[in-house]
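Labels A, B and C are assigned to the chains in the order they are written; within every chain, residues are numbered from 1.
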Amino acid sequence: MRVRIERRLNQPRWLPLVVPLGSIAAAFLIIAVVLLATGHDPLHAFRKLFLSAFVDDGALSSTFVSATPIAFTGLAAAAAFRMNLFNIGAEGQLYFGVVGAVGVALLLKGAPGSVSIGAMCIAGAAAGAVWALIPGMLRAFGRTSEIITSLMLNYVAGLFLNYLIFDSHSYWRDTTSPSASVFPQGQAIPDRAAWPFATIHGVAGGIAFPLGMGVAVLVAAFLWVLYKRTRFGFELQVIADSPRAAHYAGMRTRRKILAVMCISGAVAGLGGASQAGNFDHLLDPRSLQQQLFGYTGIVVAALARYNPFAVIVMAFLLGGLKNAGFALQGADFPSGLVGVMQGIFLFSVLGGELLVRYRIRIGRSGRAPAVEAAR
Amino acid sequence: MDDTAHAAAASDGAAVAGRVAIACRGITKRFPGVVANDNVDFEAAEGEVHALLGENGAGKSTLSNILTGLYRADEGELELYGRPIAFQAPRDALDAGICMVHQHFRLVDTFTVTENIVLGDHRDVGRSFRIQPRAIERRVVELGERYGLAVDPRARIWQLSVGEQQRVEILKALYRDARILILDEPTAVLTPQEASALFETLRTMAAEGRTVIFISHKLHEVMAVADRVTVLRRGRSIATQRIGETSSRALAALMVGRELQGSDRQRRESFGNVVLSVEGLSADGDRGVTAVHDVSLTVRAGEIVGIAGVAGNGQRELAEAITGIRRVKEGVVRVDGKPLRSGDPRAAIHARIGHIPEDRLHTGVAPSLSVASNVVLKSYRDDPHSRGPMLMLRVIGERARSLIREFDVHTPGPSTPARQLSGGNLQKVVIGREFTGTPRVLIAAAPTRGLDVGAIENVQNYLRDAATRDVAVLLISEDLDEVLELADRIAVIYEGRIAGEVDAKEASVEELGLLMAGGVGSPEPPRSAGAGFAGTEAGNVRP
Amino acid sequence: MNHGIVVVVLASAVAYGTPLVYAALGELLAERSGVLNLGVEGMMLVGAVMGFWAVQRIGGPAGLVLPLAIGVAAVAGAAVALIHGFLVITLRASQIVSGLALTIFAGAAGLSSYLGNNLHLADSPARHTFHPLDVFGLHDVPVLGPIVLAQTWLVYASWMCVVLVALYLSRTRPGLNVRAVGESPAAADAMGINVVRYRYAHTLAGGAFAGVGGACFSISILNQWVDGLTNGAGWIAIALVIFSFWRPHLCLVGAYLFGAFQALPLTLQAREVTVLPTEVYESLPYVMTIVVLVLVSTAGAKRRLGAPAALGLPYVREER
């Protein structure tokens, strides 16, 4: 029996949609098997997961809290990965977004809310974009792989945050409140600068829809139009597919690389602004470094196959999973299971990708026996 | 006549040939959309040089890939020294003593010659788990001397010339004591001198009782080196003949399936002004070495200037320098008198230079994008394809559809990915796109490489058509026949320099061949028809 | 003298650097075969937790349990690497995304955490650990004593591994073959080398080494298990492979250099010497790696010093 993998010549239109869904279904199956093997009842577990993620009182609100930052980092990753620019640095770019946004919010102490919020967005995006420019320039002009450089800069960014709060008396550090004298923590932004929620009453105890999520949806729409309908997006498609053809056609590759890295960094930075504005309200290095928003965003983007709208959906689903993980923590739902499930989803979708580009053929068995050549 | 003189030598050689070494019976191999090998019968004997002759797309490469275990035939059988055999993987063929020298060398660039030769040699597994470089180097030098393949065993591949790299490939086979050696278009990258040296090596190997299978589409080479020849056409084996019993003309007819007609092109007498002027152009190659030295030429409106030469003498770099893809070190390119900015493809596009690139699939188009996207690859910024920053997708679709109609491109539709098109249709898309902007100059680099006969004719017609419309055409091609057929003036490029220039009416294959080999063209009495390049007759001393 | 800053830092550098040596050697092998595995952190964490489990649960004398635990850690790391290998070699998935998925799957909020918490491994310290040896009783020798002659078995074994891997790559036939697979899988395939088999083998070896590196943390350095105890060492190991130009002996040097940068701030803090904020020292490994990467990426250097040419690309035969 010989299994051959051949490149597909025609791709039916339904394929790129059905395969990921099929993969996710397969993933659920695998997870069910794992749960069974460890003595849990899979259907019970799935039901509990679903309820705590989306249905229980306050569940949706909590899910939005988890989903918003990874929606941003997912969009940031999708924006870059589509162009074969592997920006792993969304983590660090988000950190800098927080720094920028909180800094500006503290600066504009007396300003009205809308001004503060707008300024936070701009500052966050700008800070993220600048941090992304470093690996971008190294790639565009130094031909250095952005994978490792952006990854290393994540750590540098984290250390910088540590420095700001734990090792210095910086602007971002809280020096006045009583708890601050016991343990270093960040200075809170003024109340007026806190991002609002849109409350929907009556359903499941009231749903709080954060402004950040709304901004993320707008960003998704913007990215979609940019890539599909503009000249800029067309050039990106060509460069991603064949840099040689792009050069031949007179496209300026280097500027595009910088532009895409900046956009990606800006989106991640915006995510930092949203995180600070809507949820943390201060610079909290420990929490940020534990949550791994940046890396989770890459998972989200990969699951969504880099489509901006799919990213929002996937962020929502993964946010729900994370939220359920918190809510259910205990003997019944051990910590670590969330990561395992996320991993299995991703492995499944990755593996399924093969079927989109290739076809599996199972060959006949039986052939003439190989004979040693006479010399 | 030279043919018969060599034929006599060949039939003497044929007497040495022994039993059948490898045989194919009824081999069939299909790929999506094409039958590459259709019930092919072929056999080669010990001690002979057997040529596999056919045009591009005739199925030679596929057959050789089956012989070396890279592909598995869908139907048919292989026999090795009379016994049936099947290969699961290339390793089986290697173990059976079959080695192949590919057109694109399978060498590891960063390894030394020695390391490449040792690679994959499994005969000593167990006994020499450790590598002893010095012993191997000695053997390499020894083999090099015996077969005329001298090369420095410590050199790294990227430091070697193409001809030397090919020697390494052959040494690999000899090191493994290959009984059957297959060479795929080996002279495509060699000068005539290097080619005749290669033929010497092959004859030495055949005289030792090895089997040499020589794949080519060049008639004169086949006549010069082979004992027997098998002709493939459209995936079928047409005939097998002894060299002594056939002629170039007969083989050509078998290859193409029809009698070749001489060229009767009506040549224009007068041309317009000079449109393209290249003055003292120098440019570096990919490896930092100068690839184009002080090249000057002019092309007038309506003229076709052909640049002939063996592939690898700077043609690609010249085309890239003229069209702005490659930065110019010295000199200038002018269109209608105005100088072009170097290293900027957009400037060339603005100056209405059309460019049909050598590598159509990876440079000429974005392979995964749709035909429509590729149609507007250079014009997407212009009205009406886009308005402001936004693309006008419907207009683009229309444009693609009309191009598909006008140039008769066979494709399911404008949204088909470009890579799914056949070579000929892809080239039509490229040509159609380049013609759309009514170019003043057209640079066509190896435009018919890898195409089937019908597509080749199409492309050549377009080029002629362009000339009648007063486009200045610069045709760069390794196919001397094509250049002779189409060009009004012919320049020969050798090692990055223009070795000589002749009017097409007065050009002769011999003189051009000499120029291509680096010799100075001299007024010698014309040789009789059918002779190959100088220096390929048996008994000639190696340079 | 042996308690001066320099000696203490260097001695700690060797201790801290050892997990890096193992993990980097493993990743180096994988990358030489053309497979980029960003999941090193995850594999190390799984190795750490499983090695710790073995030490806690397997009865017997330390001399038996400890080597066994290392073996368990290696197998655990290789098992995780198998997932990555299957996805990228057989199913031709993106190596970058798969590696990151591996880190999330096996890492600090994933499998290693699950195993550690479920098996209640955070509750007690290690029952057996690797103690520093006293080679020939010379641990008091100035300078060399603490640095070279008073380290654990794991350290000395790591030196041997470096030598073995270096010899393997440069002087043996399989080593030549794997280098060919990483530089030009098409050439290797045509020469009859089984590209798939080599890639699997070296990816699994990478996982095994990473597992051992992780075990260094749980049963030699920290002597207990906590969630995420490797603290980013896996990422540094990836950087280290590049920093060492894919050469094993440079891995050793680089690992100790990076180890020194990690040991330095702690030592300085303990002595209350503060010249620069500790974060500056801690960021040095990362910054240095970026600098090295930029240098290696210039065109001329690429050929001589650079990455295996086919790194990160799936290999497909029979493509028309």
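The rule is short, and it goes like this: contacts are C-beta pairs under 8 Å (C-beta built on N, C-alpha and C of every residue); 3 or more make two chains touch, one makes a residue touch a chain.
Keep in mind that this is a model prediction, so the values were computed, not measured.
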Could you compare the number of C-beta pairs in contact for A-B with that for B-C and name the larger?
A-B
Among the chains here, which has the CA centroid at the largest distance from subunit C's centroid?
B
With centres defined as the mean C-alpha position, give me the subunit A-subunit C separation in Å.
27
So how far apart, in whole Å, are subunit B and subunit C when each is placed at the average of its C-alpha atoms?
47
Enumerate the residues of subunit C that touch no fewer than two other chains.
318, 320
Give me the residue numbers in subunit B that touch at least two other chains, ranges are fine.
32, 95
Where on subunit A does subunit B make contact in their complex?
9-10, 229-234, 237-238, 241-242, 244-250, 367-375
Show which residues of subunit A lie in contact with subunit C when the two form their complex.
5-7, 86, 88, 138, 142-145, 147-149, 151-153, 155-156, 159-160, 162-163, 167-168, 292, 295-296, 298-299, 302, 334-340, 342-344, 346-347, 350-351, 353-354, 357-358
Contact set on subunit B toward subunit C in their complex:
31-32, 70-71, 89-91, 94-95, 100, 102, 105-111, 115-116, 118-120, 122, 125, 128-131, 158, 172
Where on subunit C is subunit B touching in the complex?
171-174, 176-177, 179-180, 183-184, 186-194, 303, 309, 317-318, 320
Touching subunit A in the complex, subunit B uses residues 32-33, 77, 80-81, 83-88, 92, 95-97, 179, 323-325, 344-346, 348-349, 355, 357, 359, 362-369, 373, 377-378, 380-381, 386, 389-391, 393, 420
